[in-house]
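What follows is a set of structures to go through.
After this come two complexes, each holding subunit A, first together with subunit B and then together with subunit C.
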Partner chain A sequence: MGNSAKQRVLLAPLDPVHDIGLKIMKRHLEANGHETFMLPPDYKAEEIIQKAIDEKVGTILISRTLGYGVAELLAGFVDLADAAGLRKNVRIAIGGMAIRPELAAELGFDAGFGPGTNPDEVLAFVEGREYVPDLSKESKQKKDISAGYSYRYKHERIGQLLDKIVDFIFDWAADKTSPGVIRAEIREKMLRAEAVFQAGKVSEHEYKKALAELQQAYLEHSDETVRKFFSEGIIPAKTRPLSGSELASLEEYVRETESRMSIKRVQHIGENPTVFIQYGTGCPFMDIAHIKMGESWGADGVVHFDPSWGARTEGFLSGYLTHEEDGSVITPENLRQIKDSLHSSTLWQVRAHRGLNTPETVLLAGAIGADLTKINIAYGAMGAGTDPARMCIDGIAAIKYAAKYNLPFDVVTNEELAGVPAFKAFAGMLVVARLARRLGAKPILQPLFCYSPEMMITGGMEDNYVDFNAAKIMALRKIIDAPMWPGAPIGFLTQTEDRVQSSMTTGLHAALASSLGVDAISIASSDEAYSGGPIVAASRVDTLQAVTEAFRFFGHTKIQPTAKAERHAGEIIAGIQKVLEQIVEKGCFVQAMYDGILGAPEDGAYPGRVGRGRVITL
Partner chain B sequence: MAETAMAQVIDAIDIETFVVCSSEAEGKKIILQIMQEMGLKDTDIVFLQYTGPGVRVRARGYIHRPGSHYGWLQGNKRVG
Partner chain C sequence: MRVIGIAGTAKNTGKTTTTAALIEQTGRAGKALGLTSIGYDGEETDNVTGLPKPRLLLPVGTVVAIAEKCLATGSAKIQVLKRLGISTPLGEIIVGRVAAEGLVVIAGPNKEHQLAEVLEQLKALRPDLILVDGALNRLAPMVETEGLILATGAARTHDPDRLFRETLDLCEVFQWPVLKTQLMARLLAARKQPDSDWAISVLDEAGKVQMLEGKSLLAGQQVESLLGLVSPRAKAILIPGIVSYSCLKQLLDGLLSQPVRPGLVFADPIKLVVSQDFFDIKIVLDRWREEGGSLALLNSLPLLMVTLNPFYPAYCDSTRSYTAAFIDGDMLREKLSRRLRVWVVDVKKPEAQKILQELLDFTHPA
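And then the complex of A and B:
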């Protein structure tokens, strides 16, 4: 049993200079009701022991920085304390840089406290009780990134233009659907049938019969790859099913890992943004290992990354599947497995911004318990290869599911990486955000924090990476009161294969994002620029550490952009307005995408071809 | 069951060092030979920068690639 009654403690720096740790402890012990006696640095061992005897202390806390010959000095102190008969009633601990509990024990001390020691650990030693970390202090709550925004347009003209364009979209889409939308409707029925069966309202036979009929209908709107998977059991290349024993091992791994895991915080102050990491190793097991590692190193959220071939295929496979290349296959089982492995505080985003399965992806994400998704019709069509008409029809359905399941989503603008100027990408983003609001959803603006290709060409970022990225936030804030989540990942095209450089640039972009007061960021690993193999877990730790350090370094300090940022912001706003006026003049958002108004071939943007001709007019 | 300590490596081992050499090509050759001598087979050079004194290098040996059978998961047994 411990003794929290008032203790008498002698604090002595057995060191010529260093006594900061002891000063911190003196304050902490006194705050907890104990009496302390602090000696100045550089007292001899004999003097310290005499003081301990004179003051009748119960504990001596020694501090010392290790160096040549110091181990002998410390061992000598313990011997002297023994010879003076102090050890019967007095416990002695040593603290300082390079001190470890094992070393302290070897030297004869009762305890040793190294760097990073929580003062409560020393308090527990003084009070003679076991130190039990207060895990409640480390607990995290999920944060609603979209909360507290009105989505009010501060730029009236842009707001009016967006509403006109959204009217065009609704008119154009009114009599259209697609295989992707139909499959999502069938999947909804499958999920309902499953719920009815689980509630015991139908027999297993009835459920299986209904499911088989729905599956047949689903396959009629799917690609051959999916049909062959279900009818002949043919699995796509570089993909394999996970075995039952592997699944059992995974569950044990997650349970064991969770039981000994503590959750770190990346944030230093409340204003630091929520931090997301992306996973998508190809294997749900490796994803889960990365997620557990990310959670323990402070990631607040994780982003599901699906393979590019999955986005080009009509329909989803099923079962627990692993994949040898980038991107983890979306199946209901894989998503459930990942969801079950998440810590209760971890935000989970499932991307649905491109490809032929976007409505079903959002539906599954919502039904399985994701917190966020990712949708952008313009980027999906102009930068990610999906046919604009198809992307628009599927995007509307995806947004409706996002609204139904209360999934806020970021409106990603990575077409900027192809060379599309930020103002064009932002015009598309704002159209989708307005569309989302009209459909009752919660969009989150996602300007890209990067070394922007348009600026590479014009030399606009030769001096620094701050001004243009800051200008994006400034411009968007002048247009609308909406949440912002720069990505994705921040620092794109500034990272190299050198992990120190890569981590550093991620940390600096995170600091800039925080200084600008954004709500969230997505960060890369330090392997971002390495393309020779899978991203490794250790490289995710690198950037989480870098961001933590950047937040610690800057605290409430703001990064001051130069006057150029304001000028860039004005140019971006003017550019957005011009693009929106061109769309209004065109009278059709989808046609505007085909015609290059939101990104032209000379910008490096081409209307996507995946799913072309697969819009169904009713 | 994980029978070797190596099986507990989640995915890969990175070797970071500075190799004394007279060219980038020589630096590459040396680090790959080092990886081989260390028994790492599935190797790649993640980062290598040559300056006059030699190369700053980070080489990687994959123990488990995504989709393979993970030693750290099988039976969840720990070594040591």
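And then the complex of A and C:
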């Protein structure tokens, strides 16, 4: 029953101090044509009631902070109003920081307005109509962070060098494959067989027979661990299947949580970057709990972390598996479970940047419905321990799947953490990005936003964390028009075990990223670097809140780097060009990795050994 | 007597424990029960102190009037019979019947006229007894009940002497006489329309009634006007709403300076006890009586029982939490029993069951 006719409203701070909430409401009510009567603070209950009678108001809005004995005081006010016969015609609401609907009910008010109340809610109450929130403000849509970029090279020379290097890669790889590539091809056939069966085109018997044959072929290209899992049922250490009841309660948990959760937004202005959090507790149940927590505190996307042994093992296990250590096991079932638990607006990235299952990971991610993946041949080979030749062959296949399933992917440069200078890491990243474009994929550049180890040695970041990180973005912008997603996570090596400090530094790095106009960021939880086990859910809220506050604080304000940033950017560009020229001189990208051109032992980078000798020449 | 209210003098004085004991006793006596609340109760722990709170276990067949959001919160299955269109911060009030026993969170209508409507609906389902659970220290809607149980205890004050005096003061108002029928008839006749509200009125010996605008006495000017209507022949002054301490004191000082001693009439005991200055009000009213004045009510609200809870939450500095503490309840109960004309019970004591049965026998004679 709406009543937009002019209302008379008494505003009374039943409090020793004035309340800003009532002042906001006074303005809002008057702007909507209502008449208000504002009482000074600290009036007695009887005086407020007398005023309400004298002014013949229809609504009384009380504000009060809670404290000892205040519940009784407020209930006493309501009682007095009731006994005075006021409540037949006058509705009374309470507002304050500690107010919740349950408390308003207990105290006897007609409504209660807590923190975060939209003034329109109170207006609706005064006008006697139901409050219908403007959902268009709340609803979130997935954003394609790679959209709108031309990938045009602004630095012509670097563009030419990259094309030459990519030509070398295609020549080198033309007659090669690997067990990882072959398994992905078999997995493709398995997925196709499943689709054909589900469409009812073959019998269950035929399907199972075909699947068994494919499984046999798959195991021929897998490691002992995987073979033993399928043939003898031996599960790797610290891993176990989830029980039926665990899965049922997981589904119930998701259903119940979604029924009461709402989606928040971290961004304050449209230009603020998309925010990703990372999960990989090992336990799908805990992962999903972290995802739901992240979604309700504003995370736009989530990144799947798999265990490091998964990257060193040829082949995937199957089923719903939980793992007692870092990283959540990739199986089709685990990925589907997580996919089914995501809110429709949540971007989902499955990492595939390193290791022996890279092509199959991208294939599964694409087939199961991921939005993004992560691939970098140079990082996988120089920073993550996979043999450069093998990583290159598997990387090419992975990029082809990314193109096929339309999965944009970031090209991570975390080898910088080992001490590789940014310009070398960037050279590798730009090679992979060029390769991706030639294969029709959408790469996203991922410079690391960190306290760079190379700068720790030279003292280049002693004054501030702004210049060098800004220089990275400025340099890349001068080279190419491409999307950028600093990570991963931002603030690496600036965080400590102090949660306030970690949240603060995350928030500031996020503000810098936003000021530089990047498309996305990945953030850590406030305890991520020092958790010594699964991270605490509340620590996710810490950094999401810190980033929200940083975005709110800066709005459209820009952070102004010093002149040093421009100088660093010039050095980075020159460094990249030098590295690319060295590769061209070498005549082979893979050999360049072995020879330390993209990161040498003196930098802290060694060509990986996992999968060495397992490139198959056709 | 069908409708009994259970009101507390503060948080943690034992309303819910008393309600739970009565529910159990009603069950033992084989009587059908109806239940509602004027607030929100039934949480597992107190939302301020964090200490455990009793919850209400309702047997099959109990009829309830509760806010919609309570349905999902408890463990009992409740079949919704009717929606009442009364909104509360926890949703619309529904009337339902317990279909499978379980715990119930009770939040109901939180104002007087809504409670009246809800009680009509519950009565239509013909339970033998309807209980109205209180909330905090709230009392006002309880005027719609037919008898009151007052839950008090150490959570209000853990000074036993003060608790004793305050309890006597509160209970005494409920025992005031009801205005004589003949005088009531004169006041009734003076109202402009039969269904209009009472107004502040002065009745003189000749039966003439003079009225002021409004029913509550909250402003000094009103007192001046009221004193202006009081002649040496004034017989009674009716204040049907609430009264502030300062206005009452101004009125009585004015009256005491004259030889006139009209009877002071209030609508019901609740109108006085809801005042935050009730104990000061009581002092000036006692003095009024000592000086030869009299006091009466338009409507009585029988006080049936006082329950005394020796528990209070004590804040512990070393653990930074609340712990349970107790006063000597037995001694205080004995002292109160000697002075009050109603049962005084600690519902957690074994003998309480017998007393609650006596209460039910009194309110519901076979």
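Note that the second predicted complex is superposed on the first by the 518 of 618 C-alpha atoms of A that agree within 3 Å, B and C clash if a C-alpha of one lies under 4 Å from a C-alpha of the other, contacts with A are read in each partner's own complex, and residues count from 1 in each chain.
Basically, a residue touches a chain if its C-beta (ideal position, glycine included) is under 8 Å from a C-beta of that chain, and two chains touch if they have at least 3 such contacts.
These figures come from a predicted structure and were not determined experimentally.
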Touching partner for A:439 - first (subunit B), second (subunit C), both, neither: neither
Subunit B versus subunit C as contact partner of A:367, first or second or both or neither: neither
Partner chain(s) touched by A:430 [first = subunit B, second = subunit C, both, neither]: neither
Subunit B versus subunit C as contact partner of A:80, first or second or both or neither: second
Partner chain in contact with A:338 - subunit B first, subunit C second, else both or neither: neither
Which superposed partner A:547 touches (first subunit B, second subunit C, both, neither): neither
Contacts of A:108 with subunit B and subunit C, given as first, second, both or neither: second
On subunit A, positions contacted by subunit B and by subunit C: none
Complex interface listing, subunit C residues touching subunit A: 10-11, 38-41, 43, 47-48, 67, 69, 88-90, 107, 110-113, 135-141, 143, 197, 214-216, 218-219, 241-242, 244, 270-271, 274-276
Residues of subunit B defined as touching subunit A within the complex: 10-12, 14, 44-47, 49, 56, 58, 60, 62, 64-67, 69-70, 72-76
Residues of subunit A defined as touching subunit C within the complex: 44-47, 49-50, 53, 71-73, 75-76, 78-80, 82-85, 87-88, 101-112
Residues of subunit A touching subunit B in the complex: 238, 240, 246, 249-250, 252-253, 256, 281-283, 285-286, 289, 293, 322-325, 496-499, 527, 530, 532-534, 536-538
